[in-house]
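In what follows, subunit A forms one complex with subunit B and a second complex with subunit C.
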Partner chain A sequence: VKPNSNRIDPPGSFKISDNFRSYSGLRRKKNPILRSLGEKESKQQSKKMSSIGTGYDLSVTTFSPDGRVFQIEYAAKAVDNSGTVVGIKCKDGIVMGVEKLIASKMMLPGSNRRIHSVHRHAGMAVAGLAADGRQIVARAKSEARSYESVYGDAVPVKELSERVASYVHLCTLYWWLRPFGCGVILGGYDKDGPQLYMIEPSGISYRYFGAAIGKGKQAAKTEIEKLKLSEMTCKEGVIEVAKIIYKLHDEAKDKAFELEMSWICEESKREHQKVPDDLLEEAKTAAKTALEEMDAD
Partner chain B sequence: MTFTIPIDNGDALKNAETDSQRTLYPYVTGTSIVAIKYKDGVLMASDMGGSYGSTLRYKNIERVKAIGKHSLLGASGEISDFQEILRYLDELVLNDNMWDDGNSLGPKEVHNYLTRVMYNRRNKFNPLWNTLVLGGVKNGQSYLGMVSMIGVSFEDNHVATGFGNHLARPILRDEWHADLSFEDGVKLLEKCMRVLLYRDRSAINKLQIAKITEEGVTVSQPYSLKTFWEFQAFHNPTAGAQGSW
Partner chain C sequence: MMDLNLDAPHSMGTTIIGVTYNGGVVLGADSRTSTGMYVANRASDKTTQLTDNVYVCRSGSAADSQVVSDYVRYFLHQHTIQLGQPATVKVSANLIRMLAYNNKNMLQTGLIVGGWDKYEGGKIYGIPLGGTVVEQPFAIGGSGSSYLYGFFDQAWKENMTKEEAEQLVVKAVSLAIARDGASGGVVRTVIINSEGVTRNFYPGDKLQLWHEELEPQNSLLDILNAAGPEPMAI
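And now, the complex of A and B:
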């Protein structure tokens, strides 16, 4: 069924037809200047959408009849297409790991950082559109800084995750903004101990023992559930996370990847930092051996 | 000591309000800092006093602080402005650390940053009322510099602030030489601090000496210097005064 791309609907009209999918329907713009801009937009809009949306997916300010906001769900799909990000809360800290899919052999190892420090005691691992992720990290840094400047103490992780979540949610409320195409795992260590939060493009933020986002998130979650996190130290956790990421990396689909890991624990003096090189190497070797053992079976 | 310099902040009627927003005079002040380069790095000495005018009100103020991994900052002058500067530097160092790229701010960079801050505040007639001493070691290079409240900034082998300029620096000019050992350096600084203790009315006999080397920063515990007051002239000082009461 070919949508009629040449037709320009009069402003203010909303058309959904049973026979064909029209993408030039939705007009909410009352401003005459913006109205003309909108008309230009609709001609250039992509027409290939899966059947779920069907006209309710043009704007983040539209609900579908069954109560879904499709733009947010599509944003979540952007996250699902990126490399896996895993975070676990061990008994003495947090460990986060990222499967960085290497786009080109020309890239320098260690570049394209996916895990960022947000403050001394907190860090964020990002999955999804990298540029969007940069914005979220910048905002989190700014929130943490302003909290410390006003209240004189490091921002509690719960507070930080609420602020970041409400910022992400903000971008799902207006038609002139698009939702962030990235999910974030926020790990921090404050007076209440180590905490792990995950913030999705919808603006939802929950606290987790173990969380995963990205391509292999289902497999990662299954693996995490097998672990006894409450008895594990961060040192052991680093090795486990490396094993999980190596396991769920699909050799066939994406060739090479780089493992980036960070932790916040007693050993790192409750500061967010990259896992030290020797421990990282140890984890990588352990993961590779575990994989070979599995293949040998 | 109120200045009535016209400020081009728009509304001339608001001048009175804006006047009170600028630093006009310091309230709680620290006295001199004396610092020297030595063989392994930099040594900085300061006493722990905070004066409220002529009252020696606070006797436990640390006026020398470590900045990042490579620098030491000592300040004389208004203590609250020093605390504000420490807040700025804390943010600077935090942002530097969050890059996590293997680089860290060295003493030269911090000194330059402070010079910019002090000079720009002075240009707005709202200075941070401090004289700062910045010492550090990075990649084997020792660095020692100073910034005043009007933005005058320079580097030298030995620096001092306030009364230290007048009392300590002549001693240092005579007795400082390159490659001082740690013990000799401390002895030299103690000599300067003793003179300041005798002659500077806002100095107290409780000092700290901080050392920075390639390995890091160590700030000593507070201690006092031995002083000698048994000079003949101090015995019965009013002996020659007539009609004194």
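And now, the complex of A and C:
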């Protein structure tokens, strides 16, 4: 069987014969040096910025020779294409905000919610494929309910994040399931105080002071790092999150967006709620003013 | 002679008590396990460990209460591993309640769960026959508890010290043993607080004698040869 290096793959094309050959090729033991050479060549020839794992990216149950599972990485890219989601842990609670890109002017404001309550004391903000996100939220709700019915107490946020992460990871183990194309920021307030977790499509879940996913995540993370979170109350946090989202929204690429925010703090009686309308308006005004000041410079 | 019925299932007539104090809980129980009229075990331990910081007092059917405790110990062990920290008393009580309620037709056991956790401090939960779970400042159970309701109404007060609480428990179990035929033997107590668990043992013959109770005798001959009771003076 010829190694792939002799063929030039036009980017984006998908020939059945290609895949058939490379799939069957995987089953036979190949010279690993030739194989890696083949991959490098196709990377250079490809016009895409990201690497193509030709042949090793067809199934989530396949590792590439350099130890990556490409399907999971592609799933993460789906998340990167969505509107930014930001979450921060302030000293008295959690604030989450979503840059909801409006697909059509005919959509009702307030519809297509991206932030959902998972239980009284926890909420989830979703980025990526919306339908996949709905599944994860449903699973989280069910896990929280079942924990409470067995153990008689509200589910600790750490436990909930582990269960959700385990479920997301499950879908990366079987060839007949595809990975979730969405990342989730889970914020909750339990006996151990406010906690923020982020769950990625790979099933990794870490605890954060501040987290961001989606288009503007890099810029958002830089902005979050500038904040002094341990001294900030949630009321101030709401304004800061709004400023961050307004700042990193790219007017050129995406037209309009709607800001959706939620919080869990002492003021909301440790329950996950939408940020009250008056505070939200205040935040939006502050964010717009901050933007204008920046532009004026 | 009365039929001893040695084939009857082991039942713990029992007196069990759980009391909160300022900083933790004290659990106490007698030690008699009976098979009909025969005392199968006169030194049983009715206070069973569920986790490092939660214990349960068992009453009713000996087998049922043992099996329920074993299951809950197993569940709590797994729960502790998942959580990464000790289980709370509330969760322990709820797991016992799940088993007691869902199997109410088959089980006959009343339990008192007591322990200490860092969130709520010392807590006592009573789980009587049907599978109710009730959080209480103190709880009593078993056949001997009938004789203690009035006593506790008068004697229990909030924010006792550890020593006061333990003395209360020992006194109460001892009173119940004096009146209830299905309770007897020794008094075992378990004190649980932030520092850990302390188990104490009070032998039956060292307990205070109550109204009309006789001194324990080493030999029947002593009783036979003793002087009779004084005639009543008018």
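Please note the rule applied: the second predicted complex is superposed on the first by the 246 of 297 C-alpha atoms of A that agree within 3 Å, B and C clash if a C-alpha of one lies under 4 Å from a C-alpha of the other, contacts with A are read in each partner's own complex, and residues count from 1 in each chain.
Definition applied: a residue touches a chain if its C-beta (ideal position, glycine included) is under 8 Å from a C-beta of that chain, and two chains touch if they have at least 3 such contacts.
Since we're looking at a predicted model, the values are computed, not measured.
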Side-by-side fit of subunit B and subunit C on subunit A, or clash: fit
First, second, both or neither for A:H119, with subunit B first and subunit C second: first
Partner chain in contact with A:A252 - subunit B first, subunit C second, else both or neither: neither
Which superposed partner A:A296 touches (first subunit B, second subunit C, both, neither): neither
Subunit B versus subunit C as contact partner of A:K191, first or second or both or neither: second
Partner chain(s) touched by A:M106 [first = subunit B, second = subunit C, both, neither]: neither
Minimum Cα separation, subunit C to subunit B, after superposition on A (Å): 5
Residues of subunit A that lie at the interface with subunit B and also at the interface with subunit C: none
Touch list for subunit B against partner subunit A, complex: 87, 91, 94, 97-98, 100
Interface residues, subunit C side, partner subunit A - complex: 79, 82-84, 88, 90-91, 93-95, 97-98, 119, 133
Touching residues on subunit A, where the partner in the complex is subunit B: 113, 116-120, 141, 145, 149, 273-274
Parts of subunit A lying in touch with subunit C, wherever the complex brings them together: 150-153, 156, 158-159, 162, 191
